[in-house]
Amino acid sequence: QTPQEIKDRGTVNIGMLVDFPPFGILNTEGKPDGYDADVAKLLAEDFGVKVNLVPVTGPNRIPYLLSNRIDFLVASLGITPERAERVDFSQPYAGIEISVVGEKGLDIPDAAALAGQSVGVARASTQDTSLTKVAPEGTNIQRFDDDASAVQALISGQVPLIGASNTVIAQIQKLRPDTYDKKFDLAQQVQGVAVKPGSDELLKEINQYLTEAKKDGKLNAIHEKWLGQPLPDFIADDTAPRVDGKPASK
Amino acid sequence: MIREFGTSDFLFILFAVRWTLLLSAIAFAGGAVGGLVIALARVSQNRIFSGLALGFIRVFQGTPLLMQLFLVFFGINIFGISVTPLLAAAIALTLHASAFLGEIWRGSIQAVPGGQHEASWALGLGYLDRMKSIILPQAARISVAPTVGFLVQLIKGTSLASIIGFVEMTRAGQIINNATFEPFTVFGLVAVFYFILCWPLSIAARQLERRFSRATAR
Amino acid sequence: MTERTSGAAAVRMEKVGKWFGDFHALKGIDLEVANGERIVICGPSGSGKSTLIRTLNQLEPVQEGRIFVDGMELTGGDRNVDAIRREVGMVFQSFNLFPHMTVLENCMIAPRKVKKIDKAEAEKTARHFLERVRIPEQADKYPAQLSGGQQQRVAIARALCMNPKLMLFDEPTSALDPEMVKEVLDTMIDLAQEGMTMLCVTHEMSFARSVADRIIFMDRGEIVEVAPPDRFFDAPEHERTRNFLGQISH
Amino acid sequence: MTERTSGAAAVRMEKVGKWFGDFHALKGIDLEVANGERIVICGPSGSGKSTLIRTLNQLEPVQEGRIFVDGMELTGGDRNVDAIRREVGMVFQSFNLFPHMTVLENCMIAPRKVKKIDKAEAEKTARHFLERVRIPEQADKYPAQLSGGQQQRVAIARALCMNPKLMLFDEPTSALDPEMVKEVLDTMIDLAQEGMTMLCVTHEMSFARSVADRIIFMDRGEIVEVAPPDRFFDAPEHERTRNFLGQISH
Amino acid sequence: MRSAGFGDPVNDRCPRQVRARLIDDREDRLNYDFNFAPVLANYPRLLEGAWVTIQLSFGAMVAGLVVGLMGAIAKNAGPRPLRWLVDAYVEAIRNTPFIIQIFFIFFGLPAIGLRFSPNVAALVALIINVGAYATEIIRAGIESINRGQVEAGIALGMKRAQIFRYVILRPALRTVYPALTSQFIFLMLTTSVVSVISASDLAAAGNDINAETFASFEVYLVITVIYFILSIGFSALFSAIERVAFSYPLSR
């Protein structure tokens, strides 16, 4: 996949989540919207082509990319080495913190205390992979299809704990104030644009543009718009391209 | 960031009904053609035809529709042939419906009493006339009830098309739920919509079945 | 009704043998039926009566011997089967009318589809024969709306509409209520008087006595005795025949 | 087989009336049957013959009049129904054997479950009556493996196993092939000769003539004529009876 | 309103000429590398998942049969309010997707104090689901029994319960056995959606492996084959049961 092909075609097909507020949602008109949508639009603008936002789901977003249904993903895809075996990542364009939250009374200061507990996560999400990595023997990780189901499991009492991003945690606090609190941080996740392996030219152009957008404040503006706070420094300052999911050492 | 469940969300789910309906219609139309072929092949004297038809029925009745959808959508694309979600859903649902309708209709054809075949042989009617004028019209009558019953199954089955990105009713519900966190409102509504679609068909199927069993009881 | 002048016998069977799997259902059947002859076949259940007459239009194919109908060889290959079926009318015990067609349509379907006769002509013939079996007024009813006796008369009319040279009857009255037997037998007597060649399986001995030219008694797949009615009833040659007659006329 | 010495009549019906919805199926039936008496009931189809004998074990409840069986009032409340059903054996036109049980099991089920007789005892009785109906060798077959005549004899044995005082037969031979009628009639003649009280609906006039003490002719829900066989056949009183006899003996 | 959430990115929005070219040049991009190694490396988890699927299916079949029998008896002979209740249950279940039913059972029932683990919730949902279908099927079987059979039982002095148990039950089940078993196979395939409530069935194992290895196509292919093998296995089991339980001959 080369930028030239996309430009010739006049449309770029970009996969994004629509069930991951505030990054990807459907607005009241039923159109994809959110932080990811705005980033995707900026990228399309840079290519000088029309944007076609294709809704994907957490479990199927990588298959979508690998089977040529879309040109790339701006789908809140956390950069991890596992995923980097299947797709190539750009530099980060957003970041979230993943933590474990749970019922107030529970004393879970760190991952070791999870033994014997049930923790809900969205399947194939960063919380899933990072929790799986740190959870001790005897942790019961329950994987749901999306964050909403995991949250519902927490609220209905089916699980006492879930792994979730800071944005989801904010929503839980709104839904049920003072019932749950954050136990410990799991990971800081940075999200990258993902392309099919081997699409080096395309990746290069995306990286270039992201570097630019971080400098001229465009990315910051939409971050303020959707998340109500400026782009965190660890994203804004990180413009190194990714190799195997890690910053390339210069 | 969470919004209240509002009219626009209601409408979003309501309008997703058309995809449920469209997918069902496509599946039913495709399944009708495929099912007839399968059924005729299955009752034919030719061992190869009936064997192939049996194999087809076994495979597509023996694996989950969910997996069929997935494999058609992503599988065909891997070989470089582009399939749209609609086409993929149409293919997978057609294969699925062909297997089930083929089996239903095979049963109906075989339920036509043997005497009817014999009488039409004795009158010298050929294969096409026999099928067209004698056997299929009677089989059709027998099959109406189970066919309508299967339609209900099919409508509900389209909810699985969400796995390949179709925003039909169930998927619409999931999306709205992610934005509103009111699962019981959202999924309750979705359930009600399905019920409104399916219930009249279920009733029709049952009444047709009654009428048929009364007609044959004499 | 029409005069037939053919030198050949209506039916000739030569050493016909028939197996169902291992079961030997017809054994060395030799039989010649002249044009215009009326034959009644009787015998115990399972003796092969139905099988015998069903071989005459190849509803049951045979494995051994030769069968000629109206001078054409039935056993010589598939060529003749269709031609012969057109010459042979069959009336079943269970009527086998087509339930989704009116009486008239039942009578018209074969002339139209098989003989390609046009609609008006076929209807004329059909009405003619419905008249013959004395139910012209039932033409537009469906089979289910008729009594058993009426249904069987429709079945006879349906067969006659093909202008067969030979009529086969397989226990045409045994599925009827006692009161309806008579109407069907009367219809058959009419046919017999007009010189139709008939083979009839029946246990109606009064019919056999008054109508048959010859009576055939079968047992265990063999033709045991062939005789005109007088001799058959009054002086049967074979022990088995006597036993049978003793049983059915209690 | 066992002597019965009861002063009461086996059956007494007083002004019995029966409706199906608006349809008046039995009209003012008066009938008394003595112990050991053999009654044949005949009449045109739909005249109420089956309905009449079915009221005697309350397969059809009546709306009017009183019925006594073996001195117990059937119409007086539910108390007696179970007791009476045990005293009344019934044989249906369509046999109604239980297809999933062997012949022996068919004969043992009611004694064991209803009379709580132990298994060995029930088997002994069953074998005894299978002997009586002359098919002891069929005990381990399933009904579907028997001829119609054999099935009907099993049905008779099954009823006899309950040691009934009264046997009801509803056209027991009319679903049989001609050759099998005789075996069943012979069985019934045996029973009659042993003094069993019998009510039998049948069109077998030779049986009626030789076995019945009285013949009842019904038409349109009424008992039209009751007479001993000789008078019934040779000098029927009523016009309707004469018509009927004319029809069935063609 | 037109949802942007579906449809084909290429065909819907591309000028025709461009589209033709696109399809052309997709053809020489068959660069998907099949890689079954990660799937096969995870075979113990697939087996575990398959085992859960077998347990769920089998448990739901047995319990669903019992529910179906009780439902059918209630519909046949129960008092009127009970019949309505059973009707409402059957209709509600048969006319809504299973995925929504399981959702309500897992997330909704805790509100009234009924809390099941995911696998148990999945089992309960499957039983409730298949019970509704079995009710209808068995009811039809009971109604198909010739009235004469019942009358023969009555004439022999049997009680209603005895007639049901000894006269009706076995022939009724035999009549509907094919319908019942195909419903059971369908049930087994339906279990593939229980992963939405984090049950650990075969499909969930596949999803998890997929999430870790992203070898989606290979994973789905393999679990589809496993489902097929399971359905053949269950069919074999059913015909074995049929041979044992319903071996008596039918009338010709």
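As written, the chains take the letters A, B, C, D and E, and residue 1 is the first residue of each chain.
As a convention for this text, contacts are C-beta pairs under 8 Å (C-beta built on N, C-alpha and C of every residue); 3 or more make two chains touch, one makes a residue touch a chain.
Please read all numbers here as calculations on a predicted model, not as lab measurements.
Q: Which chains does subunit B share as contact partners with subunit C?
A: none
Q: Quick check on the contact graph: shortest path length from subunit B to subunit E, in steps?
A: When the steps are counted carefully, the minimum from subunit B to subunit E is 1.
Q: Per the definition of touch at the top, where is the C-beta contact count highest among chain pairs?
A: Among the chain pairs, B-E has the highest number of C-beta contacts.
Q: What chain lies farthest away from subunit C once each centre is taken as the mean of the Cα atoms?
A: A
Q: Can you tell me the C-alpha superposition angle of subunit C onto subunit D, nearest 5°?
A: The best-fit rotation has an angle of 175 degrees.
Q: Taking each chain's centre as the mean of its C-alpha atoms, which one ends up farthest from the centre of subunit B?
A: Result for the farthest chain: D.
Q: Suppose each chain is reduced to the average of its Cα coordinates; what separation in Å results between subunit A and subunit E?
A: 35
Q: If you average the Cα atoms of subunit C and of subunit E to get two centres, how far apart are those centres in Å?
A: 52
Q: Centre to centre, by mean C-alpha position, how many angstrom separate subunit D and subunit E?
A: 50
Q: Taking each residue of subunit D in turn, which ones touch at least two of the other chains?
A: Within subunit D, no residue contacts more than one other chain.
Q: I need the residues of subunit A touching at least two other chains; which ones are they?
A: Residues 18, 26, 29-30, 54-55, 60, 63, 67-69, 145, 152 of subunit A each touch two or more of the other chains.
Q: Residues of subunit E that contact two or more other chains, please.
A: 1, 3, 5-6, 10, 22, 26, 29, 32, 107-108, 216-217
Q: Which pairs of chains touch one another in this structure?
A: A-B, A-E, B-C, B-E, C-D, D-E
Q: Per the contact definition, I'd like the list of subunit B residues that touch subunit C in the complex.
A: Residues in contact with subunit C: 113, 115-116, 118-126, 129, 133-134, 137-138, 141, 215, 218.
Q: Which of the residues in subunit A end up touching subunit E in this complex?
A: Touching subunit E: residues 5, 8-11, 13, 18, 26, 29-32, 50, 52-55, 59-60, 62-63, 66-70, 82-83, 85-87, 120, 123-124, 128-129, 142-145, 149, 152-153, 156-158, 198 of subunit A.
Q: Sort out for me which residues of subunit B touch subunit A in the complex.
A: On the subunit B side, the touching residues are 1-3, 6, 8-9, 12, 15, 73-74, 77-78, 82, 163-165, 167, 174-179, 181, 183.
Q: Would you pull the subunit C residues touching subunit B in the complex into a rising list?
A: Going through subunit C, the ones touching subunit B are 57, 59, 82, 85-86, 88-90, 92, 94, 96-100, 109-110, 113-114, 144, 158-159, 162.
Q: Using the touch definition up top, name the residues of subunit B that touch subunit E in the complex.
A: On the subunit B side, the touching residues are 11-12, 15-16, 19, 58-59, 61-68, 70-71, 74-75, 78-82, 84-87, 152, 156, 159-160, 165-167, 170-173, 175, 183-184, 187, 190-191, 194-195, 197-199, 202.
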